[in-house]
Amino acid sequence: MSQLFLGVALLLVLLLVGGLARVLQGPTPHDRLLAAQLFGTTAIAILLLLAESSGAAGVLDVALVLSLLAMVSVVAFISCSRGRGAPE
Amino acid sequence: MTLEMLFDMALVGAVVVAAAYAINAPVLIAGVFVYIVFGVLLSLVWVRLGAPDLAIAEAAIGAGITGAIVLDAARQMGMERRRNPRLRRWPGWLSWAATAAVGVIFAGVFLTVSEGRGDLPQRVQAELPRVGVENEVTAVLLSYRGYDTWFEVGVLLVAALGVLALRAPGESPARRFRWDPPAVADGAADMLVPGGILMAGYLLWQGSRGPGGAFQAGAVLAAIAVLLTLLGRPPIARVSDRARDALLVVGFADFLLVGLVAVTLGGALFEYPPAWAAPMILVIESAVAVSVAVTLSLLFAAGGAAGDASEGGVP
Amino acid sequence: MVAAILLPMGAACVAILVRGYAARIALVTALLTAAVSVVTAIAVVRNGPLEYAMGGWRAPLGITLRVDGLSSLMLLLSASVAVPVFVYAAAHYARARSDERQGADFWPLALLLWGGLNGVFLSGDVFNQYVAVELTSLAAVALVTLGEGDAALSAALRYLLSTFAASMFYLLGVGHLYAVAGTLDIPSLAGTLEAEAASYSAAALITVALLFKSALFPLHFWLPRAHSAAPSQVSALLSSLVVTSAAYLFLRLWTTVFVSVAVPVVGQIIGGLGACAIVWGSLQALRQQRLKVMIAYSTVAQMGYLFLVVPLVTSALSTPGGGALWGETAWSGGVYHAIAHALAKAALFLSAGVIVGAIGTDKIVGISGIARQLPVATYAFGIASMSLIGLPPSGGFVAKWMLLTAAFKSGQWWWAIAIAAGGLLTAGYVFLVLGQGLSQASSDRDVELKSTSKAIEYSAFALAVAALALGVRVAEPLALLRVGLPIEMP
Amino acid sequence: MTTFGIYAVGAALLLTIGIRGALRRKHLLRRILALNIIGGGAFLFLVLLGYRESGEAGPDPVPQALVLTGIVVAVSISSFAIVIARRLNARTGRTELPEEGLD
Amino acid sequence: MSPRDLATVLLLLLAAFFFVAGVLGIVRFPDTLTRLHAVTKADNVGLGLVVFALLFQADSFLAGAKLVLIWILVLIASATSCYLIAGASLLDGDEESG
């Protein structure tokens, strides 16, 4: 069973590398952002699988932190280009 | 070749490819996105290598704070499409040869290193009952090498003071992002804020037994603060300058005070008596988490300068 | 001795909370810390090297602080530079109303810097040294940003990036040490390093990192900008203490941890870089038209002398009897030079600060006739220069004389050429300044001098006198230095 | 090749990529990213020291604690560097450090 | 193989399919909005399936609760992000610069 988890995790890592192409090609920043967002989810999935296959404590907490903060980068990008961070 | 190894190779490959692209991507913003992915991948590596404490820290700092800082900086410092200029001191082949040589030397040396020597891990474990925490990493950070960690909190304090010193006269270090975030984003943030605070509390409490601790908790709090800042409601603007200074310094000062209390109890500096060690460490960790959170969110919030050159120039 | 770290650090916390009283807090702390340093030195002379196990955990589990003669001298040095610099800064910020806010930012950072420096000097653990060095470096960069204008910003950034790279190399080197020895404690490391790839790699990485931080030629590129763009009181701290602390670590580690992997060729190369630094730095100083840039380049040159110690000591270690003949002389000469230079350099930057503050420019041509108007500052500049050149009876003279003796005794006469050439070139650039200053006031200065205060002028003077006194009272510092000599000379 | 070996080579590659990038790139942000990647390589090497191939003994916590400290130091330095770089950029429009001469 | 394990295997294979589809979509689809569509499928469904697959293996209530919580958090993040990206993308009219 743990081999299956690892196998799927391996597949996800490979998908991630393949998907980097979209980050690099763009063409708009939003495409890159979208791809980065997908990688966040993929990484969470990998973590869940690793947690199950290794049985190590704390791995789920890593996934929890990542999922909690998953939208920060997206909001950062959108608001940095829209909101302009004007000083007080 | 086992499946484990294939997975490790793929993961290392992904990390290396991401690192190379982060620096060399033709478009700056693409490199920055790949850099954020690099951070996430590194936290996967820490998990694989049995270091969940680091993985949590990396995830919280990378996804929450560094990501926002570099994206914001990239927005200001140009998202140019032209090939970025490089230094051309050496001819191409020579620089590649030098690069290859450096790589081979590093790899060669690293491969001669066997798994750790010495009996330090055993000693760490043997003395654990006297430390008052079960998580070995926390024990090293706050008890055995607590003095280092105190200095490290000092490093964060210096960074915060440096950023504060940079501001122009009369300028508030916290800026506001002026835009109308869609209600969806505000709503999501409203759900995440209590979630983040709970998570930080959990990590802080958990840190004495399992993966977690002051830095992780502080980083999660800071990430939530960054999110709110991005949505135009910077938490740091809510406190007075004095209160902010107090929050920045509380970790460093409290660490020192608890260390001195240990002296009055008859020990050396930072020598917590076994009976009191657990609560003392928790007191330190709570204060440190607060300072880490305020410092990191300040490092983000203070990024945009007055008289921002690109103000209004970028869509 | 732990108080030498705790006092400045604790005071920094208080100074952040009550910024209005920061200067007073800092001055009181400075005096207390200086007293602690003196007490520590006395204890070291009486009882030999001291140890303190932090957290009650003995090495290798915990971190042990150690103070021997060398550390104790360094503590004294940091105190004797910091006290006058703090007096200068306090007087400066009290007068210059425009700099009021800068003052509020200066004090906590300066106190943290001092605490970090003392942390470096007292630490007996390679990783703890790393954290302490990072604390000082970051505080130093933050202090540089207090300088004026874009030049200070870009200088600080260049400094920060260099120190960032150095920091990562250092950490990697520490990792190598842990890999080969399984401990981070310096005495335990000292005996265990074997001739294997990772040991050499550790030595190389840490060496490069420390050469970056101590600005040895050709890794000095960040220094002249950073040290000249900072406010003078900051330049004084940086140029005298911060670079010296990195060089201190270098000498400390090479004479303990890396002795077993030290190769004579490497010693010669580092000595060669030191010689290049002396010549190149002095030539650059000679070319400069701005006073503070000139003094900063002079730091590049003077750091070179410290690294001449390396070939002399390594050769002594591999020659039976060499230690007694020249090894110890070279060692003490190097340390003496570090101290004499630190005092003199702080004096130079402070007197430059007085002059620049009074005439409003730091162009060397602009200072003509300054001797009459600012006699104390000019004297301070002149006395400090004497030590820098190595004229008797200054501390610089004693140091250079010891280095020369060691060079001849070891048969490595070529280092003597560098030492002599450096002295001549130094004389060249300081006389350019002094000549200008002593010349008749030209009529082109119609601007009235801004008034300056006694405390400001005399703090520079005190430092210069200290550099001079080091040449008169030689026995005591050398005796202190000999307590717990880190190296066993054959 | 062992697991240790795979990650050791990875650490070496990260260091090499980072050093090359830091030396060849001039854009300040890229330079800061490159330095962080050097840091990643150094951290990876240290964590690897604590890794135990056999599952009996847990990993060595000491290098992990050192790396956590290292991460905090690196984050402090690089975010401070970015703040300075942005100030510089806002005031002068530069995205690079001036090449030669004292500014 | 127990029925629980069988369910896990099947769900995981299905999840893998969705992730492959998501990445293929983001690499091959012609414009931002269609790519967005692909990503949301992988995000929500792919991860959801992984979570369900692992729920069959979870040995404690806490672990199971964490899994579900992670999924919910990702759903929130994904919905918000996609909304923001879609909005920004429409506003900018897919221009190529930044």
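We just call them A, B, C, D and E in the order they show up, numbering each chain from 1.
The definition used in the following text is that a residue touches a chain if its C-beta (ideal position, glycine included) is under 8 Å from a C-beta of that chain, and two chains touch if they have at least 3 such contacts.
Note that the coordinates shown come from a computational prediction; the quantities given were computed from them, not determined experimentally.
Between chain D and chain E, the least number of touch steps comes to 2. Across the assembly, the mean Cα position most removed from that of chain E is the one of C. Inter-chain spacing, taken between the CA centroids of chain A and chain D, is 20 Å. Centre-to-centre spacing of chain B and chain E amounts to 27 Å, using the average Cα coordinate of each chain.
If each chain is reduced to the centroid of its CA atoms, chain A and chain B end up 18 Å from each other.
Look at where the CA atoms of chain A average out and do the same for chain C: the two points lie 47 Å apart. Under the contact definition stated at the top, the residues of chain A that touch 2 or more other chains are 16, 26, 29, 33, 35, 40, 61, 64, 68, 70-71, 75, 81-82.
Multi-chain contact residues of chain C (touching two or more other chains): 127, 131, 134, 138, 141-142, 145, 178-179.
Contacts with at least two other chains are made by residues 15, 28, 41, 45, 49, 62-63, 69, 73, 76-78, 80, 84-85, 87, 91-92 of chain D. The chain pairs satisfying the stated touch condition come to A-B, A-E, B-C, B-D, B-E, C-D. Interface residues of chain A facing chain B in the complex, by the touch rule stated above, are 3, 6-7, 9-10, 13-14, 16-17, 20, 23-24, 26, 29, 32-33, 35-36, 39-40, 43, 46-47, 50, 54, 56-59, 61-62, 64-66, 68-73, 75-77, 79-88. Those residues of chain D that touch chain C in the complex are listed here as 15, 22, 28, 31-32, 35, 38-39, 41-42, 45-46, 49, 62-63, 66, 69-70, 73-74, 76-78, 80-81, 84-85, 87-88, 91-92, 94, 97-98, 102-103. Per the touch definition, chain D reaches chain B in the complex via residues 1, 3-21, 23-30, 33-34, 36-37, 40-41, 43-45, 47-53, 57-65, 67-69, 71-73, 75-80, 82-87, 89-93, 95-96.
Across the complex, chain B meets chain E through its residues 29, 75, 79, 81, 182, 184-185, 188, 191-192, 195, 314-315.
Partner chain D is touched in their complex by these residues of chain C: 127, 131, 134, 138, 141-142, 145, 150-151, 153-158, 160-161, 163-165, 167-169, 171-172, 174-175, 178-179, 224-225, 228, 290, 293.
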